[in-house]
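A, B, C and D are the chain letters, set down in written order, and residue numbers restart from 1 in every chain.
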Amino acid sequence: MKNNILVIGGGPAGLEASKALSQMGYNVILAEKEKRLGGHLAKWDRLFPDQVSAKEVLDSMLSGIKDVKCFTETDVNSINLLDRSFNAMLSNGITVLADAVLLASGFDMFKAEKKEEYGYGIYDGVLTNADLEQAFREGKSSNPAPKAIGFVHCVGSRDEKAGNPACSKVCCATAVKQAIETKELYPDAKVYCFYMDLRMFGRHYEDLYLRAQKSGIRFIRGRVSEVAETAEGRLLVKAEDTLSSRPLKVTLDRLVLMAGMRPSEAGHKVGRQLNLSVEEDGFFSARDGLLSLQKSKLPGFFYAGACTGPKTLPDTLHEARSAAMEIDRYIKENFRK
Amino acid sequence: MIYLLTTNLQQISPEGIIDRYPNSYNHFVLPFVIGITFILIYLFIGLIRILYHLTGEDRLKLLKSLFNPKTAWKNIKDIFCDCLLHTKIWKRKPLLGYMHSAIAFGWFLLIVVGHIEVWLFAPRHLSGLTEGSLYYPIFYRFFIWINPAHETLRGSVFFFIMDFLLLYVLSGIGLAMFKRVRSIALGMRHTTKPSLADRVALYCLWLIFPLRLLAEGFTADLSGGGFLTRPLNWVFRAFFGNELNFLPTWWAYSICLGLFFVAMPFSRYMHILTEPLLILFRNAGLKVRHPRKGFAEAEIYACSSCGLCLDACPMNVQKKNLKYSSVYFMRFLRRHNKRKTREIAEKCLMCGKCYALCPVGVNSPAIRRAIRETQNNKIQCDYSYLGKYAEKSSENPKSGGKILYFAGCMSHLTPTIIKSVETILKASGQDYEFMDRNEGICCGRPLMLAGRGDAARQTIEANSKIIRNSGCTTLLVSCPICLKIFKEEYSLKGIKVIHYTQFIDSLIKEGKLKVSKSSSAIVYHDPCELGRGCGIYEEPRNVLRAIAELKKASKERDESICCGYSLGTLTLDEKDKAKIAESSVSSLMAENPQEIVTACPMCYRAIRSKAEVPVKDFAEIVCENIENNDKN
Amino acid sequence: MIDFGFGVSPSSRINLDSADKEKFNELAIAEPDVLKCMACGSCSASCTAAAFEDTSLRRAILSLQNGLGDDASKLLSHCMLCGKCTMVCPRGINTRHLILSIQKIYSL
Amino acid sequence: MIYEGKKKIWAEYQKEIPEDHYFYVRSCIRQSFFPASEATFLDITRNKLGKDIFETEHHTTCGGIAYHSDAIPQETVMTIIARQFALMHKYGYENYVCSCITSFGLYCETMETWREYPELQQKIAENLWKSCHLEFAKPKFLVHASDLIFKYRMQIAAKSKFKLVNKNTGEPLRVVEHIGCHYSKMFPSKGVGGAEYPYVLVGMVEAWGGQIVDYPERRHCCGFGFRQYFIKSNRGYSLSNTHKKFESMEPFKPDMIITNCPGCPYFLDRWQYVIAETQGKTYGQDGHGIPVFTYEEVAGLVMGYDPWDLGLQTHQVSVEPLLDKIGIPYDPAKKYLGKNGKYLGEPEKPHCLK
C-alpha cells in the first residue's frame, strides 16, 4: 500500500518535494491555493545571479511531478490529527487522510503600501520588485524611456516598525539583478540603488554587484526616507548618503521597492489549526534550528522552504529534498515495521 | 649638380663602345648623387634644428665636452664600439652582433678603403666636386674600367681587401635576410613591424651589396678584382660573352644607393647617422628636457628600430602589449602622433629594461617621463603641509643616531621589512633613528615618475630639511624607489645614502654582523629601481651567497623582469600587472629554487602574490641567518 | 535688503539632479576603475598624506558621484601619489591614475 | 497621484471624535499671534453650531515650551498636565480639546508614557495631590481643536456663505495644508488620516470647496522649532526651513496655506517677509506673498465673518488679493481699526509683500 503524503503549497519547495516523494513511491497529493503552480517563481522573469529564465526553471520542475495529484485553486479548509495520520478537508470537497504532511506555504510579499512614505499605490511611478518582474515577463518597456530609476532595498525588511526586523535575504541580489536589467533596457537612464548593507553573500553575487557598478549603476548607502511628487509628476526621492553623512535628493521617473518576505497567511491558517508554534518574526519554528530544520514539533508534520524564514531558491530546493528524505525516514520508522 | 652633368665631357675613352663616356662621369651616378646630396642637406638642416632646440646651457655643455680630452676620447671609443662594432649586441647575442657589425663596420671599411684606393691611385678625383669626389670613390671600379688612363690591375692587396670586406658585408646581409624569416635563430622572439619607408630602405640595403658584387664582377677583368669578383667575371664571360650587361648593373647599384639615401630619413636607417650625435650628447651629460625636441629628437632618430626592446619589455608577455614597446613609441614620436605617444607613455612600467638593453642607448623612459610632465606637471596641489611638518620635526631633530633609517611609504605595508631591518641594526649594535616610524613624507619618486616634477621637488625639499637637520651621516633606505630619488635628486652633502643591501653587505664585511650559511637554495630578484635604476647588483648577491646557495634566474641583473607592480605605470591594469608578475616569477623559478628573495617592498608583495615557493625580503632572510650567539 | 543678523543658510543637501554628469562620464572613460569603488576605505586608511591633512580617495569618489567636484579636488590636493592605496585596494583600482585623472578633469 | 491610494490610507487612520461636551484649553501664544482664532473657534462651536464647549480661567500653560526647551523636567510637565486633566474632571467633562499642537503632542506623549509606565502615572497622581489637592483623572477622549472643526466641517459647509473657489474662473482654490509636527508625526494613530497624509485639514478644504496641493516638502517642519527660534544666532536655521518649504511649493502655485498649529502660520507668514527682504523673492502671484491662515480663520471666512473681525489684519502677508479672489467683501478703511474703532497702528512695511 502506498502511503499518502499531503504537500501544502505548490511553489518551488512543494514541487521539488513532491517530485522527490513520488519518485520514492509515495502517493503525493499537492494542494495549491492559486490557479497555477509555481508560487512566486511563476511570476518572476529571470533569476539571480545568472539571469536564467524563471519559466524554464519552473517548467523543468513541473515536468517532474507527473505522478503527483495536484489540486490547484484549493485551500486546506481544515486539518486535524487522527491517531497517527492527518485528516485534511480541502476546499474542493476532497478529504485526504495523509500519513505525513509537508507544509511548503512559502512567503507572502510585504505589502509595500504599508510604507506610506514611499507612496506605493499613490504615486504612478512607484512599483515593487514583483511588478517589475511582471513587466519584464510581459516584455513591456516604457515610452518615453525613463531618465532615472531608483531601487529601494529593504522595503519591509530590517524594519521593526514595519513588523519585520529580519533581512529577507534575496532582495539585495534581486535589486542588483533588476538594476542591471533595467540599465540594459534603458542604457541612457541613470540607475540608483539605495541600500543599507549590500548582502551579496552567495556565489557569483559579488560578480553581479561589480557588473552593476561597471555598467554605471550608482549605489547609495542610505534608506530612502520619503518620496514626493514634483509639479511635473516625477518622483522626488530623499535619502541620506550615509557614506558622506549628508542628506541627498534626486528626481526619478521610477522607483522600485524591494518588498521583503512575510510569513504566508495561508500557511498560518494551517498552522493555527494544529497549534504549530511560530517565532517572533511570524515564521514557523522548526524542531531544531540546526539539526531538525525540516521537522515541526508535531510528528509527521514537516516544513520546507520559506515557511520557516526567508530563503533563496537554491536553499528552498535543498530543504525540499531533505524534507522528502525526512518524510521517507518517518514513514519507514512509523508505518512499515 | 647641373654642373656635374655638363662637365668633363671632353675626356673620351679610346676604346670603341665606351668612347662617348667621360672618364670620371657617367649618367648612372646621378641617382646616387641625388641621394647623397639629399641626405647631406637633410642631415645639415636636422643638425641645426636639434642644436637650436637645445637650451643655451646644454649647447655650452656640449661644446665644452667636445674639447675635454676625456670625453673626446670616450666619444671616439663609443662611436667606434657602438656605431660600428656594435659591442653591446655582441655581448648579449653574438650572432646578432656579428650581423650588425658586419653590415656597419664592413660597409664603413669598404668606404674608407675605397677612398684610400682612390687617394693612392687617382688622387685628382678626391680634389673637388668637379672631379667627382662625391661619387668617384664609390664607383671607382667602374671608372678604372672605362678609363685606361688609370692604372689598372694595381694594388692587388686592395682587390683582396675590398672583396673580403664585401664578403664580410654580404655575410651580414645574408644573416639579416635570414633574420626576417626566422628571428628566433638570432635570439629575437619578436621583431619590429617595418614601416613602408623601412621596407624600401631595407630592400635597397639588401640589394646594394649583391648588386655591387655583380657590378664589380662585370668590370673585374679590366678594373681588377679579388677572389670574389674575378671568378664572377669569368663566369659572366662564359655565359654572356660580351660586356654590354655591365652598365645596367651599375645603374641598379647606383639607384639602390640613391634610393636608400632618400628613404633614409624616413626609415629606421637614420640611426646610422644620428647615433654618433646621440653619443656626443650623452657623453656631454645632456638630459631630456622636451619630449620631442633637442636631445629627444636626437634619440628619436637614433632609434634603430632593431626591436631588441620588444623582447625586453616585461609587458610583452602578452602579445597585445607589443604596441607599447619603445620601438613603436619612438616611431610614433617621430610621426608626431600625440595620442599614441601619450598612451604609450602612460602605460609604461618605467622599469628601464628597454633602455638598459638598447644597443643605441636610447633613453625612452626619460622621454616618456617628459611626456607625462607635459600632461601632469601643471596639476595644482596644496603641499604647504609638508613644509610645516618639516619645520616641526626639525625643531625636535631625531638626535643621536648617526644612521637615519627611512622606510618609505610602501615598506609600511610590509612590516616584515621594517622589523627585519631594525633587528639587524640592533644585532650589529648600530646607533640609529627611525625617520618615518609614525608618519613620513613620500620620497617624491612616485610624483617624479608620474611627471609631476614640480610637486616632487616640494617633497624632496621637505624631506631634505628633516634629513639634514637630523645630524645623521648615513641615510639608510629599504625601498629602492626611494633610494633612486635620494641618490639622484636630493642634495644631501656629507650624508651617505645607502640601500640596506649595501649596508648589510658592509656590516658583514666589517665583521659587525655574523651570518651562517644554510643549505637552502634561493634566487634573487633584482628590483628595477635597485638594479637598473641604481646599478646595485653585487652587494645583495654577496650577502645571499654567504647565507644560502644562490641560484640563477633565467633573466637577471640588468635583464631582470619587472614584477609588474612598478609605480612607473599609470594606466596598466591589474590583470596585465598580474601577468607580468607571473612571467617574472617563472624567470626566477628557472633553477627551481626553494625560496625567492627580493629587496623591494613592491616586488615583495607582487612576487608573493604569484610565487608558489616562499618569498622573503632580503633583510628578513638575513635576519633568519644571523648567527645565534649574536642574536638579540 | 535688510540685515537681520541671520539669513537663509545654504542647503547641505546633495542634489543629484544638478550633479555634473558630463565630467564624471569623461572621468569614467579616462579611468573606468572609478566605477569599481565599493567604499571599503582601505585607501584612506593607508594614505600617507592623510596623516597630515584631510585626504581620502574614497570620499573623493563619493563626492564626484554626488557631483561635488570641488570637494573631491580638495580631498586629493594633498596626495603625494605614493601608491599605497593602489597596493591595498581590494578591487584593484588603479588609484594613482584615477587621482591624476580627477585632478586633470576637475581642475579645468 | 492616485487619489484612491490616499483614501485607502485615510481609511486606516480613523479617529474617534465625540460630537459634543468638551473641556477647552487655550494655547499660550496663539492669542497674541492670531488673536481672533480661538475666539472664532468658540463662537462657531458654541453659537453657530450650539455645542457645549467649556472653558475655565483656572487652566494654565501645558508646560510644553519649557519642556521642549529643556527648562523643566518631565515629571514637572506631567504634573502640570495632570492638573489640567483634573480641572476637566472637576468641571464634569471627559472630552478634552486643546487649541495648541505642542500641547496636543505633549498630552499624547504623556498619556502614552503613563500607559507604558503605570508607576510613573501613580507618582504623578501623588504629586498632583500633594501640590494641588486635586483628584487625578484622564480624559476619555483627547482631541485637537482642528479635529473638532474637521468633525464639524460638513455642518460648517452647510452654513457657509463662501466657497474656497476662485469666483472669476470657478476653479477651486489651490490650497497647501501644513500640519503641526506634533499633531501626528509622533503618534500617527492619534491624528486624523495618520502622519503621512494627514486628512484633518484636507477634509476641511475639500468640504469647503478647495483643492489640496501636495508638494514635495509638505512633511517638512515650518521652521519654528523652539530652540532654533529662541536664540537669534540659530534663527537662520529656522528661516532656512521655511525657505525650503516655499521653494518646494512654488512650482505648484498655491493660492493659500492653511495650518493647524500655533507656530506654523506665524513663521510661514512672517518669514515670507524676511525672505523677501533678504533674498528678494516672493512666492505668490504678482509679487505677493502666499497668505497663511489658521483653520479657524478659514472656517470663519467661509461662514462669512468680517475678515477684520477674524484678525486678518495682523498677518504679514496681506490677505486682500485672496479675499478678492473668493469674493469676500471687506472694508479696506477698517483694516487697522480695532473692535472699538480705535487705530491699531500698522506694520512698518505693509507693502513689502504688496
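Note that contacts are C-beta pairs under 8 Å (C-beta built on N, C-alpha and C of every residue); 3 or more make two chains touch, one makes a residue touch a chain.
Nothing here was measured: the structure is a model prediction, and the numbers come from that model.
Chemist: If you apply the touch rule, which chains end up adjacent to both subunit A and subunit C?
Modeler: D
Chemist: Which one of the chains is closest to the middle, using the mean of its C-alpha atoms?
Modeler: If one averages C-alpha positions chain by chain, the most central is C.
Chemist: In whole angstrom, how far does the Cα centroid of subunit B sit from the Cα centroid of subunit C?
Modeler: 41
Chemist: Give, as an integer number of Å, the spacing between the C-alpha centres of subunit D and subunit C.
Modeler: About 46 Å separates the centre of subunit C from that of subunit D.
Chemist: Nearest whole angstrom, what separates the Cα centre of subunit A from the Cα centre of subunit B?
Modeler: About 67 Å, centre to centre.
Chemist: Subunit A to subunit D: how many Å between their CA centres?
Modeler: Those two chain centres are 46 Å apart.
Chemist: Could you run through all the chain pairs that touch each other?
Modeler: Result for touching pairs of chains: A-C, A-D, B-C, C-D.
Chemist: Write out the stretch or stretches of subunit D touching subunit A in their complex.
Modeler: 1-2, 4-6, 8-9, 194-197, 214-219, 251-252
Chemist: Where on subunit D does subunit C make contact in their complex?
Modeler: 232-237, 239-240, 243-244, 274-275, 277-280
Chemist: Where on subunit C is subunit B touching in the complex?
Modeler: Going through subunit C, the ones touching subunit B are 31, 33, 46, 48-49, 51-53, 76-84, 86-88, 92, 94, 96-97, 100, 103-104, 107.
Chemist: Please name which positions on subunit C make contact with subunit D in the complex.
Modeler: The contact residues of subunit C facing subunit D are 1-2, 4-9, 11.
Chemist: Provide the residue numbers of subunit C that touch subunit A in the complex, in ascending order.
Modeler: My answer: residues 12-17, 21, 28, 32, 35-39, 58-59, 62-63, 65-66, 91.
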